[in-house]
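The following block contains the structure, expressed as structure tokens.
Labels for the chains are A, B, C, D, E, F, G and H, by order of writing; each one numbers its residues from 1.
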Amino acid sequence: MNSHINKLIEGFLESYKKGDISTDDFLEHIKDLYFEDIGFAKVDHHRMLRRDFPEVIYGNNKTAEQIVEISQKILKYSKILMITRTDKDIYLMLKKKLKGVTLKFSAGIVYTPLDINENELKEDITVICAGTSDMKIADEAAITAYLMGNRVNKIYDVGVAGIHRLMSFKDQLKKSNVIVAVAGMEGALPGVVSAMVECPVIAVPTSIGYGASLGGIAPLLTMLNSCSPGVSVVNIDNGFGAGYTAGIINRNK
Amino acid sequence: MNSHINKLIEGFLESYKKGDISTDDFLEHIKDLYFEDIGFAKVDHHRMLRRDFPEVIYGNNKTAEQIVEISQKILKYSKILMITRTDKDIYLMLKKKLKGVTLKFSAGIVYTPLDINENELKEDITVICAGTSDMKIADEAAITAYLMGNRVNKIYDVGVAGIHRLMSFKDQLKKSNVIVAVAGMEGALPGVVSAMVECPVIAVPTSIGYGASLGGIAPLLTMLNSCSPGVSVVNIDNGFGAGYTAGIINRNK
Amino acid sequence: MNSHINKLIEGFLESYKKGDISTDDFLEHIKDLYFEDIGFAKVDHHRMLRRDFPEVIYGNNKTAEQIVEISQKILKYSKILMITRTDKDIYLMLKKKLKGVTLKFSAGIVYTPLDINENELKEDITVICAGTSDMKIADEAAITAYLMGNRVNKIYDVGVAGIHRLMSFKDQLKKSNVIVAVAGMEGALPGVVSAMVECPVIAVPTSIGYGASLGGIAPLLTMLNSCSPGVSVVNIDNGFGAGYTAGIINRNK
Amino acid sequence: MNSHINKLIEGFLESYKKGDISTDDFLEHIKDLYFEDIGFAKVDHHRMLRRDFPEVIYGNNKTAEQIVEISQKILKYSKILMITRTDKDIYLMLKKKLKGVTLKFSAGIVYTPLDINENELKEDITVICAGTSDMKIADEAAITAYLMGNRVNKIYDVGVAGIHRLMSFKDQLKKSNVIVAVAGMEGALPGVVSAMVECPVIAVPTSIGYGASLGGIAPLLTMLNSCSPGVSVVNIDNGFGAGYTAGIINRNK
Amino acid sequence: MNSHINKLIEGFLESYKKGDISTDDFLEHIKDLYFEDIGFAKVDHHRMLRRDFPEVIYGNNKTAEQIVEISQKILKYSKILMITRTDKDIYLMLKKKLKGVTLKFSAGIVYTPLDINENELKEDITVICAGTSDMKIADEAAITAYLMGNRVNKIYDVGVAGIHRLMSFKDQLKKSNVIVAVAGMEGALPGVVSAMVECPVIAVPTSIGYGASLGGIAPLLTMLNSCSPGVSVVNIDNGFGAGYTAGIINRNK
Amino acid sequence: MNSHINKLIEGFLESYKKGDISTDDFLEHIKDLYFEDIGFAKVDHHRMLRRDFPEVIYGNNKTAEQIVEISQKILKYSKILMITRTDKDIYLMLKKKLKGVTLKFSAGIVYTPLDINENELKEDITVICAGTSDMKIADEAAITAYLMGNRVNKIYDVGVAGIHRLMSFKDQLKKSNVIVAVAGMEGALPGVVSAMVECPVIAVPTSIGYGASLGGIAPLLTMLNSCSPGVSVVNIDNGFGAGYTAGIINRNK
Amino acid sequence: MNSHINKLIEGFLESYKKGDISTDDFLEHIKDLYFEDIGFAKVDHHRMLRRDFPEVIYGNNKTAEQIVEISQKILKYSKILMITRTDKDIYLMLKKKLKGVTLKFSAGIVYTPLDINENELKEDITVICAGTSDMKIADEAAITAYLMGNRVNKIYDVGVAGIHRLMSFKDQLKKSNVIVAVAGMEGALPGVVSAMVECPVIAVPTSIGYGASLGGIAPLLTMLNSCSPGVSVVNIDNGFGAGYTAGIINRNK
Amino acid sequence: MNSHINKLIEGFLESYKKGDISTDDFLEHIKDLYFEDIGFAKVDHHRMLRRDFPEVIYGNNKTAEQIVEISQKILKYSKILMITRTDKDIYLMLKKKLKGVTLKFSAGIVYTPLDINENELKEDITVICAGTSDMKIADEAAITAYLMGNRVNKIYDVGVAGIHRLMSFKDQLKKSNVIVAVAGMEGALPGVVSAMVECPVIAVPTSIGYGASLGGIAPLLTMLNSCSPGVSVVNIDNGFGAGYTAGIINRNK
């Protein structure tokens, strides 16, 4: 159970007992926790209780105004805010309204850094990618896992065209609890990595490539057909989904 | 590290010390552990050491003779034998050569049951499926997870066309460590389940359906596009891969 | 039978009887009702008689001049004008030539509002969408149904990733005569909604999503494979077609 | 609200009052109405209450034993039984266990005929198909609509390659409340029919054809792209879904 | 046999007899007729002899300089010049270098008009299109057929959503020798037209549409699956190919 | 105008004048010409008048009884009968009921041979195919063209893998009025043939091939993308459609 | 230049000089070398001269009689005969008519063994495959290369799921002149092999797999997208094409 | 074994012996040869040793800074630098930092010219393309082969629509050791070329075309289905891969 939202509820209860807030106010807060209706969106505060991580805002196809308004609502009950597929302009607008937000430019993510000590982070999630061009998606996965309380090992540009590069990271890979493996083009990396380790591998195909890569369909199919069991796959370029899955796998380890 | 294979190696060492086997014999055993070459196959005994689970025989496109020969090799260094996509005829032939094998007819799997107590099995893997027709694949996942040492909860025929059936299993779902969700046709089940729980959901699309289900492509795409993070996907009808992934996620919990 | 066009014909007859218009003029009007040939287009005035709703102008790939000219022709025999997939520039040009037109910016639609009382609108069409990004298409459906004489209930941003949001609108859904359900990405919403209600659900897949959503093919397939009977599907992003179908279903209820 | 199931509940209540059944028995019946768990299936009796039509058994991929068992359960609370995609062998087995079932051989459907008078059936659903080979699917739609209480007009083999055949049925088409239009190959029929009428058209693509018909994908795409609004589409060969949708559209007319 | 190129050869022969050109000059001209090598292109003058129509320049992906140079070469042995998929800028540059060229803006074609009398044109090619947006491709077909010496009847915007518009042109269609039928979206027009006439119909799918039109794949499939024999199909948006085929069919009629 | 059907009508008129048939009988015959309704089919006798060739029976998915019944109806007003995609069993059954039918086993066609002199056949249709395995489809095209009154030149097994074979038939190809070119696998033949001749080429992709031929999609795409104008394409394996199109092109030459 | 066919021609010349054969006989032989027309086939004897390897008979879709007749023709001018995709029945029929033919059952190939010494075979072609199920295709490649005069190294069942198996053959791979790499499912093997060696790798995707392997499309795409240059790809299951390509690459080494 | 890198290593050894560099320095150099880690990339210097050609930089999706940094690293151990899919801006920035680099504008390639004599280049690689628009990809192949030490014959714009152009280069084609054949649209060129020659043909499909060319999928399928053995295929637009494969095939000839 999430401690932040619990503390909020306890706070409301206390205020209520003290008479600082009325019964109506208290019920309003509790009702909000179910979800908050702001017309164009129904903000799912309950997700914090249900899944221990707030709704993440998918920035694409949303106006700046919509993002700001949803962000403000989320921060009422969550200390974590995460907006994916966004850009510098949205960031600059958000920064004026909300304090503490940070932009990871290369990953297109705006987020609020954790306020815990480095050494409180959990160990042993590794994010690995095949090529320099896959870094954006790998970073999306890494930040997501970080926001779920993990210190992430990054191993970038170790595709199978020079397999000795990959082999030299064997020890680091073998001691991981869960690995996110990101690759475009032929997408062979997750299968080869999985065959070297015991832990689950979350495979992320990317849209990097051309021609018969079909915008990421080729590596997606490669990963789904992996001969090495233990590989499971998320959508093309879905670094967030992979990082999230890695985070919940690592939660109770 | 796998205890069975460790005991075997210790046994060889002891026999060697006693002079029961020669240096050559000993080395031959160790070399075998790397892989054993039987012409049409290179049996990967090393997988037992590397991944703590033996090579699994994919029965499709293999002759009965090939399956028997590979099975015998695997049982040299593993107490676990698992053959998927096989049938009664192969089973009857195997039974003559190998003792202790069992057929799970509905899942098309031949395997050797574990020789441990029921209560030594790990808890909290759930396998759930949308329709009666998805049972074959769900059972493939369940047996795989079982062979990795788990007691599996099964919840079958709870597709979203009658969502109250699913809701009535909410508590059982919420206390799972990992869920395998199997569905054909529209494939909406894993996303809906994931939204209800905290743990990772391994989604298995099945080829059950017709027309625009495109042999399982439709539920595959649904699952890859799931709005609920925490869902990762394996190949169409790949119950084995899903059960295996669930097994390694549950290992250190 | 449409009353507006009937009145026009009666008017022509009266004028003819009075001698205000010649036989030729009268025949010309009647011939026009078949269709009016303006070179690059054959305006189908007969549709008003045949289907009780005028030709709707699909704005894409048409020049502003073409749109204006077809609009003027349509308004000769219809009080309703509707232009989809258009934008502010076209609107501003139309406003100069035609009075009474309105722009629904978010839906990319220019139309002439109905001149009837609010309480003359029919009840019980609901338009529901999964995410904030699907609003544009949902609005296209809602305006279309409105122009056919309906008051539309809107329930937006209630996707299956937080299914309690959807459940809280159960009563409103259950009393609908027909529901338009709009969703991108995994497209599971229409099937889940259909399973909760008795009435027909018109499903609209949207192109919202990325990677394996394949520009809307993924939710399209999901909806076509829905396990819940009562779901029928229109083209990707075709809010207009869905709203129109809902309108004719609700006509005689 | 369905009258048959209401009468059953009233009967239980009466028996309870009289002391013929215990409290436990009564609760068991009510619990069953939620759903009945028979291991490989969770029979959704609640559907009768929720949607006024029982679960329909999709015969494909189910064993004869499974079909018989589910059928018996459904008939506990429903007078209607419908099994699609089944065959003569299943029928002969069912006939031994269940009285009153009938086989529509050409449509692959086993069902229980309605016990109401012919003249109690609702009018004005039309099922139309393009070619003789599409009859199987058209019949599936027609029987479904019939079981929902409708008398169905059938117009078969009127494809657009001889459009005068279609035109000669114009009056019958125009007075329909809803039309199910079935076509394979090019799939142009539903769009052409829709342009002639005011009512909704449910389009069913069939897998009849070869080569570039791609197993029904070609007519599916044609129908989704129909220029005539009012057409909505179901899965390839899904006569049942189309008949069902027509049935609920016609319910309150 | 093409008369223009024959006259050129006779001219060379005469000049040679008179001694105005040397043997070498004569041979050079004859060799050119095989093909002329200008490095980035091998201009196929022989096509004029072989097919009685010169190479047509496909403007896409060629620089203005390349187009000008190839054009000049073609005009050495042909009085016809045709450049497709080009635009105003290329036209303005060509006009400076080559006299007599004309731009058909809406069709993106630059060409040299025929220098024959209107009444020398052959009759009875019809170009028909379904929607206003298909005009560009229809015009490409019409100009091509014109440059092959035909007067073309155009019937635009007569799609099947208002089939009475099409029917009113029945006589004109029935007396055609060959019809080019252009349609996007559902692409049903060519099949319906073919069923009304005796002559061949060349079907041109267009990329007009959205969503499940898949950039023209949907109408392409519709046309290939036409139930009416006599329909043959060219590439999506290939008005030129259709006009050319119509031209050679009409040649000897 | 078709002479056979004209003679029939004249015969009816004469019988009527003589009083041999009543007014009702006469009208019945004329009504039949529109179409004849036999329940599962609406036989389109009018096609004979409209298109000068009767309905052709597509044998696939029809029962023997249906084929016999439709055949008998067609022969009432046509001397030509053609059934495609049929087999020896259907033939043997037909032979008992209908005299004069013949089976072309290799092409799967049953038909009634023409009763005209060999030298009354039109010249100059060529059917060419790439490989021995494409013969079935090539024969389907050839018989169709023959039944339309043409003597067909056949050039089989001249694929581009040995292009000198094709070149040796250059003269025969160049004097054709229209060519049907049949090819599977890479499907390059029609484009290469078209570049050698002036006349139209009807391209027929076949499903011969494996793997990436995708059941004929590969040669279909090749043909649609042909660089040589004058190629138009019919459905995969649609020899009938190609032969028919060739027949109507050659009609008035 | 092929020595066998040269000797034949020299033999004809000598016979002619001696007067054993007439001028006509001699010309007939020479004409045959161009191609021999046997109606359903044009046997390309010229291929022996042009490409130094005879036409290979693709057995699929050919009758036994056709295969026998073409085989006899090929053996007139070639000592090599090769029939792919054939089976035991065809073999038994061939054996009666032609001496010296052999069946490789597992590869579905009938051929005439070379009559040269083992040590005359060229070295250094390697055929490698990922799984036991890929052996059929690997054998097809190996026999083809053998018939072109090569001794082939075979390394089977060394897929990337146990990459140490592959690594142990590094030296053998590195000294190859050309490698044929065969794999189904994920198809990663050729790319990984290519990255280890200097020589060209001919990649053969197989149809081994299920679900998202799409009949071999998945490994085909993987191989086309290989990050390691030096990989080129043939059709799915085209062992023959790969072996042939390897053979001509190795010819002049 | 590559001589340049060997000389570097010998140089290091000598310096070490002389005491010019320390043991640590020496080991650092040797370690670098394995790969050099610069964070966002792991530069694979070992490739020079392993494959005798350095890593080639794929310019797409990389920033200018990344390209410059990787280039500098590559030039430490290689005299060859090659950057594909780049443009003038990147070139101008590189030129400032690195001397000796050249831009081939039309091919989008920056490279360092070889410093060997023209006559040291190997003969007999031919690059051929179908149309003027395919030149960019053909040039990419030609430059790659040149950088591997070959003089390349170029034959451009000889597509099958004017096959006499191709035939006139027969001799040049026949004496090639390996041919790269580049074509878009229908992609028939490589198969036709292969049938004329003995040597291997590397086929490159291009994305040139429209509509049913599907961005190069059509010519890709054509080439994979080529009836002429000896054709192998690389990714759409992958001129580099084809040139590289040609280079290694020609290496030891």
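Operating definition for what follows: contacts are C-beta pairs under 8 Å (C-beta built on N, C-alpha and C of every residue); 3 or more make two chains touch, one makes a residue touch a chain.
None of these values were measured; they are calculated from a predicted model.
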item	value
Chains in simultaneous contact with chain E and chain F	D, H
Intersection of contact partners for chain G and chain H	A, F
Equivalent interface positions on chain A and chain G, same or different at half	same
For chain D paired with chain G, centre-to-centre distance based on mean C-alpha positions, whole Å	55
CA centroid of chain F to CA centroid of chain H, Å	51
Centroid distance [mean C-alpha coordinates] between chain E and chain C, Å	39
Separation of chain E from chain G, taking each centre as the mean of its C-alpha atoms, in whole Å	44
Where chain D touches two or more other chains, by residue	161-162, 195-196, 211-213, 217, 220, 224-225, 235-236
Chains that touch, pairwise	A-B, A-C, A-G, A-H, B-C, B-D, B-G, C-D, C-E, D-E, D-F, E-F, E-H, F-G, F-H, G-H
Footprint of chain C on chain A - complex, ascending	34-35, 39-42, 44, 46-47, 55, 58, 60-62, 66, 70, 205, 207, 215-217, 220, 235-238
Touching residues on chain A, where the partner in the complex is chain H	132-133, 135, 156-158, 161-162, 164-165, 168, 208, 210-213
Residue numbers on chain H that touch chain G, as the complex places them	50-52, 56, 177, 195-200, 202, 220, 224-225, 229-236, 240-242, 244-245, 248-249, 251-253
Contact footprint of chain E on chain D as seen in their complex	130-131, 159-163, 185-188, 191-192, 195-196, 209, 211-214, 217-219, 221-228
